[in-house]
Amino acid sequence: MTRSDATDLLLVAKKDKGLSFRDIATILGRDKVWVAAAFMGQATLSVEEAERLSELLGVAPDVTLPLQEPPLKGALDSTVPVDPLIYRFHEITQVYGTAMKAVIHEMFGDGIMSAIDFEIDIQKKADPKGDRVIVTYSGKFLPYRKW
Amino acid sequence: MTRSDATDLLLVAKKDKGLSFRDIATILGRDKVWVAAAFMGQATLSVEEAERLSELLGVAPDVTLPLQEPPLKGALDSTVPVDPLIYRFHEITQVYGTAMKAVIHEMFGDGIMSAIDFEIDIQKKADPKGDRVIVTYSGKFLPYRKW
Amino acid sequence: MTRSDATDLLLVAKKDKGLSFRDIATILGRDKVWVAAAFMGQATLSVEEAERLSELLGVAPDVTLPLQEPPLKGALDSTVPVDPLIYRFHEITQVYGTAMKAVIHEMFGDGIMSAIDFEIDIQKKADPKGDRVIVTYSGKFLPYRKW
Amino acid sequence: MTRSDATDLLLVAKKDKGLSFRDIATILGRDKVWVAAAFMGQATLSVEEAERLSELLGVAPDVTLPLQEPPLKGALDSTVPVDPLIYRFHEITQVYGTAMKAVIHEMFGDGIMSAIDFEIDIQKKADPKGDRVIVTYSGKFLPYRKW
Amino acid sequence: MTRSDATDLLLVAKKDKGLSFRDIATILGRDKVWVAAAFMGQATLSVEEAERLSELLGVAPDVTLPLQEPPLKGALDSTVPVDPLIYRFHEITQVYGTAMKAVIHEMFGDGIMSAIDFEIDIQKKADPKGDRVIVTYSGKFLPYRKW
Amino acid sequence: MTRSDATDLLLVAKKDKGLSFRDIATILGRDKVWVAAAFMGQATLSVEEAERLSELLGVAPDVTLPLQEPPLKGALDSTVPVDPLIYRFHEITQVYGTAMKAVIHEMFGDGIMSAIDFEIDIQKKADPKGDRVIVTYSGKFLPYRKW
Amino acid sequence: MTRSDATDLLLVAKKDKGLSFRDIATILGRDKVWVAAAFMGQATLSVEEAERLSELLGVAPDVTLPLQEPPLKGALDSTVPVDPLIYRFHEITQVYGTAMKAVIHEMFGDGIMSAIDFEIDIQKKADPKGDRVIVTYSGKFLPYRKW
Amino acid sequence: MTRSDATDLLLVAKKDKGLSFRDIATILGRDKVWVAAAFMGQATLSVEEAERLSELLGVAPDVTLPLQEPPLKGALDSTVPVDPLIYRFHEITQVYGTAMKAVIHEMFGDGIMSAIDFEIDIQKKADPKGDRVIVTYSGKFLPYRKW
Amino acid sequence: MTRSDATDLLLVAKKDKGLSFRDIATILGRDKVWVAAAFMGQATLSVEEAERLSELLGVAPDVTLPLQEPPLKGALDSTVPVDPLIYRFHEITQVYGTAMKAVIHEMFGDGIMSAIDFEIDIQKKADPKGDRVIVTYSGKFLPYRKW
Amino acid sequence: MTRSDATDLLLVAKKDKGLSFRDIATILGRDKVWVAAAFMGQATLSVEEAERLSELLGVAPDVTLPLQEPPLKGALDSTVPVDPLIYRFHEITQVYGTAMKAVIHEMFGDGIMSAIDFEIDIQKKADPKGDRVIVTYSGKFLPYRKW
């Protein structure tokens, strides 16, 4: 079973059980974005997480086996995504990338925000002019090593 | 004077005055990321903002003229940025894009987070294991219109 | 069943029933372009729309199930389409994009035409020198938020 | 003088005179989008149009000379534009291109909408929920010749 | 049956019957290049043409059904073709494209040669130094509309 | 002087003298397309041709010196040309390339049409429904050598 | 049977029979590189060559049928090959291409080395410091036709 | 002085002196292709070679200084060269690359032909049917190291 | 059996046996990185190595057959890898490539580090601030041949 | 002064002083590769390092000013480098990337080798069969954070 097959089976089982990523996250003790990433083959489950997930979704344990291996990450086919929701994240990098770089260097010095020691949080903020999507990235600052 | 020349002159003047983006933002009554974006030619200043900025930096007013025109946005040369700090934002979209899409659709339905009715906030969070960069995107949710 | 399989089955059923997109649009209370977009996996049907569509086309309801999920949008394989009809839209953007940008900024200020809060209408206009295709885009103007 | 230099000079002169594309279009007896396209080096002026334009803008006639030659068309540097306003037109082609193709073939048969015997109109439509940009393409239908 | 499957079946049947594109063209009352284009899924057959073709090749009529639908045109996988025969056409455009543009504008004014109201003819011209391939394009001149 | 500078100077001189490519071709005893190609830096002039050209255009002989060197050929910046006139030639290759290949192999066997032992002719054919551009390629057939 | 399937079957049969390309070349009266190219689907066999090959390899004659059709040539998936042996040929073109062009023009005038009326020879040259691969290209010089 | 400037100056001086690459090669005791490669900035001269070259061409010694530094190699702008002479080498790799790989592995085992411990020779071979360009690559065979 | 199928089967068998690349390397008398490369289809096994491997993993000998053929090397689908672990190696080349080139030329002269006569070693170095990955490349220096 | 200008000036000054990267590294108390990276605009100098460097090279202090700003990193123009020395690093990633990934995950679990908390060392290892280039990467292992 490929990881992509596992993704498809898990998404079907999730739908059949009527569970949201939030529900599953609560049960696994993880965040909903991380759980979605694991479903999409972008994060690695522990044995315990895999067992709990297979029970929860009622799938054979081997369906969750591929999710226990460090995956070949990268869930998109092309470097410029076409899907409008995903493209907006690309656009933000293209338009505001140099500004964020300038501000982060001003605040932290030369280095980067880690995308590995890293978390994403997504919240809905009610607003009379239209609800807002609040996406928060939290990454460890890694200063460049000089040698 | 091209917009790119204006960017160069403003960055030099800012350095000569010893001002940070945060300082300028406080004086203009704007956020430091928005100010950096305006410097980089990715946002449009009002006449008043341009005048205050030229006074503050001690540059001839015509230096800030190009920043009052809606710019041809996009500050990066290539679709896959090489600079490691900027690349990490690209990587986040590539690795977590489908997971963020799944979670946003689950929370909001079919639509997108606007990158136009949109703000970025960047904060430093002290952490004994290493300070963290906290980047927050706040974009209005735009549901797909059906017609 | 993948969304692409669903598209194929729906197009076959539509052909077998001898229905046009316009016919289906009238019955669903939607526009023919939106219906075509939904067939092509680019828009999301409500449960009621999906039920009415499966009855109308005489297909099992599960064929229309994938169309109820927010799709991974983008119906073309390549960024420069080869098909001459679709390429002409690409050409218009390449040739007239900067002119449309200049005019829209002159009329509306800095911002964009939304492609989400957005409709397309297509009409035939008789003309003795050759009928004309009239394509009308109607998108909400979104001004850039300053923060 | 290159065509790109001419574009720059004309835009500066237009700004100095405080003229909009609409103003110039009225005087030339042309549409504002076509005038903007001519400024951007995407359309060819007649001798009379060039003379009237140079008088109107107070520029030496040779500034408008390059605009009388059929230009090497294409005003964008890259096939996937980054500027958000222009990108939305690209996105519309990517997302709705196959649907527009299906509907146009259903209405007109096998052929294309010409991008040469072609006009663009841009209007503002007031809307309490936010003004709308109305872009209308009118292109002659060209059926495929069979031979 | 996909259009690509139809292409394969038709080519096999043509080979089994020992027919050339020229033979089929004579019977259909069409040109050999157009017939080859139709086989390759680049042109649309009428019902009568499809019936005559299926009889002639001894294939079930549904094999020719896909050829009656306006196809998603474009028979090559990549924008720079590798096959030497096809590449030479690409090379001609790359090397002589600007010269042909200059000459056509000199002869016809600003406009294009249509690739839709368009025919291709291919002939063999005997030559003692080596036979020559004569490829003739005939396309309607379309002047740019000014509006 | 670069070849590109020479091209610019020659085009200006040609315009000042009010000469067409056809006029120059008649005087040089060459075809108008070949002359245009030489102007564009895609063909090599003999010493005599260069001298006659510099006299005719009233330019210093060294302007035509670079045209006597075998050039680095290829007059377009990108593999997919944007200019609509030139793009149509690209489209013809993309849409009809496989059909032309099939017909040429049927008529000549395995081999190619040379783009080196090659000529282009362009004519205007009056037509009440709109004049037609007739472009004729004549290339020597080169059979594949087997060894 | 696709040409790619034929390639796979022929390579297996060749391995089972323990034959080298050199062995087969000797029997067919052809060169080993040409035979390898034919196996890879890059050259066209005559009927006699195909029959002798099918006997020699003990495969059904229809396995060699596709090799009798002029193939869609081009055996690599990408324009920059990754395989180190093949990449080195790409590197030679990238590094020494302009030098070879300058020398060939100096020796032959403006024209090219044909890749159609063309042969490749590969030999091993013993050398105490390490054997050398000797690859010889022999292509007819084609001078540019002037017209 | 950049290496590219040096290339231009050397080519002009070579032309003024009426020297061929072959002449220079004889004097330097090197091959004409290597000399052309050095001119094009693809090989490194020793101090002695640089001195002899500057005397021979009558240029100031600092013109040949950049040629004494290991260059950033790669003389072409794009991975798919457009110039027909250079493209043919690309085509040979694309069409015959897998065949050459198969034959070299059969003759030498797993490894590559070095493009570093490597020579190119170019000769003219008279042929009544048209002179032939003979290009010979001689590269050391490098077997893969197993560890 | 394709090489890719063999890779999949070997990885499953390795997992079932609970063997690490290090274990297998010890038994084969090879390094763990080389063994992993062989599994991934990037190195060639001898007959003995293949036999020992098939016994060790309990797979039919023909599973290891494809690994005895020189493979078409290159284990990644795209030139810019998305997987973060692999991308970091790409980033190192992009950021430090010119520095490594300058230092290697300073130490060795004009030439390259072979990637064929080449070994990779990977070690873990304990560090209280976080373990370090130590990757060592050892490649033979190949000086450019002058001829 | 741009960073690229600074790079050029520093390299000239280094050459004029007859200093190697190793010499400068010893004086600055840094490694030769890091110093070369700083010269190439890929690392950030402290004020003290910049002062010592300007004294050492005898350049005006403002030449080293740009090297004190966090640079827009990435020293190569294209994602697939053509220069053979740099390309080999690209090839190693393409050929051995998946093997290194498998081995690193086996030794460390899911995570990456940092390219930020990272050092490069380059040594020459004498070898009778040819000196070897030893390149050692030392990067902190960063495990994926689960949240």
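As written, the chains take the letters A, B, C, D, E, F, G, H, I and J, and residue 1 is the first residue of each chain.
The criterion applied here is as follows: contacts are C-beta pairs under 8 Å (C-beta built on N, C-alpha and C of every residue); 3 or more make two chains touch, one makes a residue touch a chain.
Note that this is a predicted model, so its numbers are computed, not measured.
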Where the centre means the average of the CA atoms, what chain is farthest from subunit A? F
Just the number, please: Cα centre separation of subunit D and subunit G in whole Å. 50
Using CA atom averages as chain centres, what separation in Å is found between subunit B and subunit J? 29
Where the CA atoms of subunit A average out and where those of subunit J average out, how many Å apart are those spots? 32
So subunit G residues touching two or more other chains come to 72-74, 76, 79-84, 91, 94-95, 98, 101, 105, 111-112, 114-118, 142
Provide the full list of chain pairs in touch. A-B, A-C, A-D, A-I, A-J, B-C, B-D, B-I, B-J, C-D, C-E, C-F, D-E, D-F, E-F, E-G, E-H, F-G, F-H, G-H, G-I, G-J, H-I, H-J, I-J
Given the complex, residues on subunit G that touch subunit F span 30-31, 34, 43-44, 70, 72, 98, 101, 105, 109-112, 114, 116-119, 142-147
Residues of subunit H touching subunit J in their complex? 72-74, 76, 79, 115-116
Subunit I contacts subunit B in the complex at 80, 82, 84, 87, 91, 94-95
Residue set of subunit C touching subunit D in the complex reads 20-22, 32-33, 36-37, 39-40, 42, 73-76, 79-81, 83-86, 88-108, 111-115, 117-118, 120, 122, 124-125, 127, 129-142
In the complex, subunit I touches subunit A at residues 80-84
